[in-house]
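Sharing a structure below in structure tokens format, with a few things to ask.
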Amino acid sequence: MKILVTGFDPFGGEKINPAIESVKRLPEVIGGAQIVKLEIPTVVHQSLAVIREAIRKEDPDMILSIGQAGGRPDITVERVGINIDDCRIADNAGNQPVDEPIYPEGPDAYFVTLPIKAMVKAMQEAGIPASVSNSAGTFVCNHVTYGVRYLIETEFPGKRSGFIHIPYLPSQAATKKGMPSMELDTIVKGLTVAIEAMIEHQEDVKITGGTIC
Amino acid sequence: MKILVTGFDPFGGEKINPAIESVKRLPEVIGGAQIVKLEIPTVVHQSLAVIREAIRKEDPDMILSIGQAGGRPDITVERVGINIDDCRIADNAGNQPVDEPIYPEGPDAYFVTLPIKAMVKAMQEAGIPASVSNSAGTFVCNHVTYGVRYLIETEFPGKRSGFIHIPYLPSQAATKKGMPSMELDTIVKGLTVAIEAMIEHQEDVKITGGTIC
Amino acid sequence: MKILVTGFDPFGGEKINPAIESVKRLPEVIGGAQIVKLEIPTVVHQSLAVIREAIRKEDPDMILSIGQAGGRPDITVERVGINIDDCRIADNAGNQPVDEPIYPEGPDAYFVTLPIKAMVKAMQEAGIPASVSNSAGTFVCNHVTYGVRYLIETEFPGKRSGFIHIPYLPSQAATKKGMPSMELDTIVKGLTVAIEAMIEHQEDVKITGGTIC
Amino acid sequence: MKILVTGFDPFGGEKINPAIESVKRLPEVIGGAQIVKLEIPTVVHQSLAVIREAIRKEDPDMILSIGQAGGRPDITVERVGINIDDCRIADNAGNQPVDEPIYPEGPDAYFVTLPIKAMVKAMQEAGIPASVSNSAGTFVCNHVTYGVRYLIETEFPGKRSGFIHIPYLPSQAATKKGMPSMELDTIVKGLTVAIEAMIEHQEDVKITGGTIC
């Protein structure tokens, strides 16, 4: 089995992005699966073009993308990507689309096709704060959550994909006010057990991870 | 023009639900449109059955549903409903589905078809805290956000629908710790100007309401 | 009985301060006590000079000061004022002291001498969100909380004093992101029942209002 | 130079307390000073009795106490302890005082006598999220913040003391909802540089660490 794991480069004035840093530090093999690591630009569409090229070249079974969610206290596994770009800040190429569909011909949203509850459960059992998230935002992270699944539906049938958001590093939070953080080693450990759960669970487990609103 | 506005009954141990209370206090006519008010049960599927009956009987042009979002500080206009029930608490009939689709044959999600940015802008300009929300949760509020649009797509073509979440009332927050609240009069005023914006804007305005994640 | 109630003028870029607005709207008589209203400048020491002059002229039995606490969701009754000015922003006269004592010869702190638990209880029973706060910050609100008690200890023995923080108004929160608010009428009602409790309770009631940290 | 560093045992249903765990892992010598480590019970007065005994036996120059602040995202250096016990939960011996003075004959509060701004600055420069806190709560942490200074004033003149609150560990946060955390290694590193700053700075640095309210 082969898993493509992508991480964004720094954006929004940050000098480092824990997403690509944690991806770089993942083992080469997890649960018997080969891990292919890919840095992607924090740019709408260009991020997807880079992933598409890697899927063509590597033919992975699953694609997992990692992004930074500054302000969240735990590792969050996204449930859904929505067909909209609505950017409060510009991406790394200066694009700032407002309420534009990612793929005009695509459906309104796609659920991720990874076992999100099993991934959360595995991280919690390993002592790592984790939860399901019902919104990946409307910036490049959501763009990739939705877009990779769109690529799969239109060009690479049968593959599974999903997205994990990670907190700031302590060094990033140290320059801000009241921001939670997580050590890179903890993030890497969390992603590793989450990937193990992805491999182990063809079907997701039934545990509530819902919110009232 | 006719607008059906629905409000949930109390749930989760509360004796009052500001949703139905605010709906009851709306004017009979807003912006020249007739307002038809409907109380719905906080119960999966039954809530939709009641709305479907009312759509059949009243043939409204738009359907706006109102729900309580305890903990949110402002009035939030939802952007999307997703095809999942994942309930952390039981609904008023004791149902607690976990990760079950609302309509197995439906798409993963539907965007609401109301001018959400114009509605938020109208409320803010009236001095009422408001914002766009990218998740209606996974309980009965999301159930109705998704479900009404599903009914429209399958049975009532051409109608538009959407969902607004409102905060706790002060009297509810007074018995909790650190919870924000909003007066019923303020909520009613907010819903009124939001409905005026629904009537006025066939197309939504382009203003960023996005979040990074 | 006579009660001096003070409210700050606008600061920090705001055009309105709910503190002085709510004080202006208080009844002239509450629980048989005469209410004397006083606007004070959001300026270190000058605020206290204005209060001192009013105490001399009016000879009130109690002094209650009201200040805006942007970001807090409920009405908070302060427990203690500390002998320090540590200002993150400049006051209305451009002063920005950092870690300077308010009165170099004063003790490190003074507890307020009003029945804070009874005041919180009265507001909660009236359906108004309220709680005890253990920090009035280190800006002009804390300055007055500490300073008025210092004036009492050194010049006006036997009088009682305290401080209440109130949230943003909805119109203020409408221009910010994710801020809780409270209607002016609700604030006025809360202050009124809190003042009734001040008059009624010579001794405070024993109810836990504590926090673990 | 000799520094007594105390850490609480587990309380409030937790099986572990990062306070004593981090204290145990501190180096034996920091910045040339000998570190004396002491576990103290999460019990009012008994905690202080154990510290008093250790001060008598060890005659340290400074006393630094460490406590867990579940829910805070960063390491917080306390500015002040207040002369009150107001416990929302019982301590480890079942005591739950409400609004009782710690020492009836003591003043309302004591500022800590460590260079709190220099300690925060040192941690931030080491890439560790840290800030000044203006309230140590009203439970056993505040009890010790106030009480140790009272012991110094009444029995051990010339010594300096203070208090640092630390976040939950990831393993604790993993079993809770939406709680921030910090790795034990990061906490130990933070405490170490904070202690270095305590040794280096006889006088505190002038940097604003204040809050508006």
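Each chain carries a letter (A, B, C and D) given by its place in the written order, and its residues are counted from 1.
Heads up, the rule we're going with is that a residue touches a chain if its C-beta (ideal position, glycine included) is under 8 Å from a C-beta of that chain, and two chains touch if they have at least 3 such contacts.
Quick caveat, the model's predicted, so the values are computed rather than measured.
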Shortest walk length in steps over touching chains, chain A through to chain C: 2
Copy pair chain A, chain D: interface residue numbering same or different (half cut): same
Length of the line joining the C-alpha centres of chain A and chain B, rounded to whole Å: 29
Whole-Å separation of chain centres (CA-atom averages), chain B against chain D: 47
Length of the line joining the C-alpha centres of chain B and chain C, rounded to whole Å: 38
Residue numbers of chain B (touch at least two other chains): none
All pairs of touching chains, each written as two labels joined by a dash: A-B, A-D, B-C, C-D
Residue ranges of chain D in contact with chain A within the complex: 73-74, 123-124, 126-131, 170-171, 173-183, 185-186
Residue ranges of chain D in contact with chain C within the complex: 12, 67-70, 72, 79-80, 82-89, 96, 98-99, 107-111, 117, 134-139, 141-142, 165, 204, 206-213
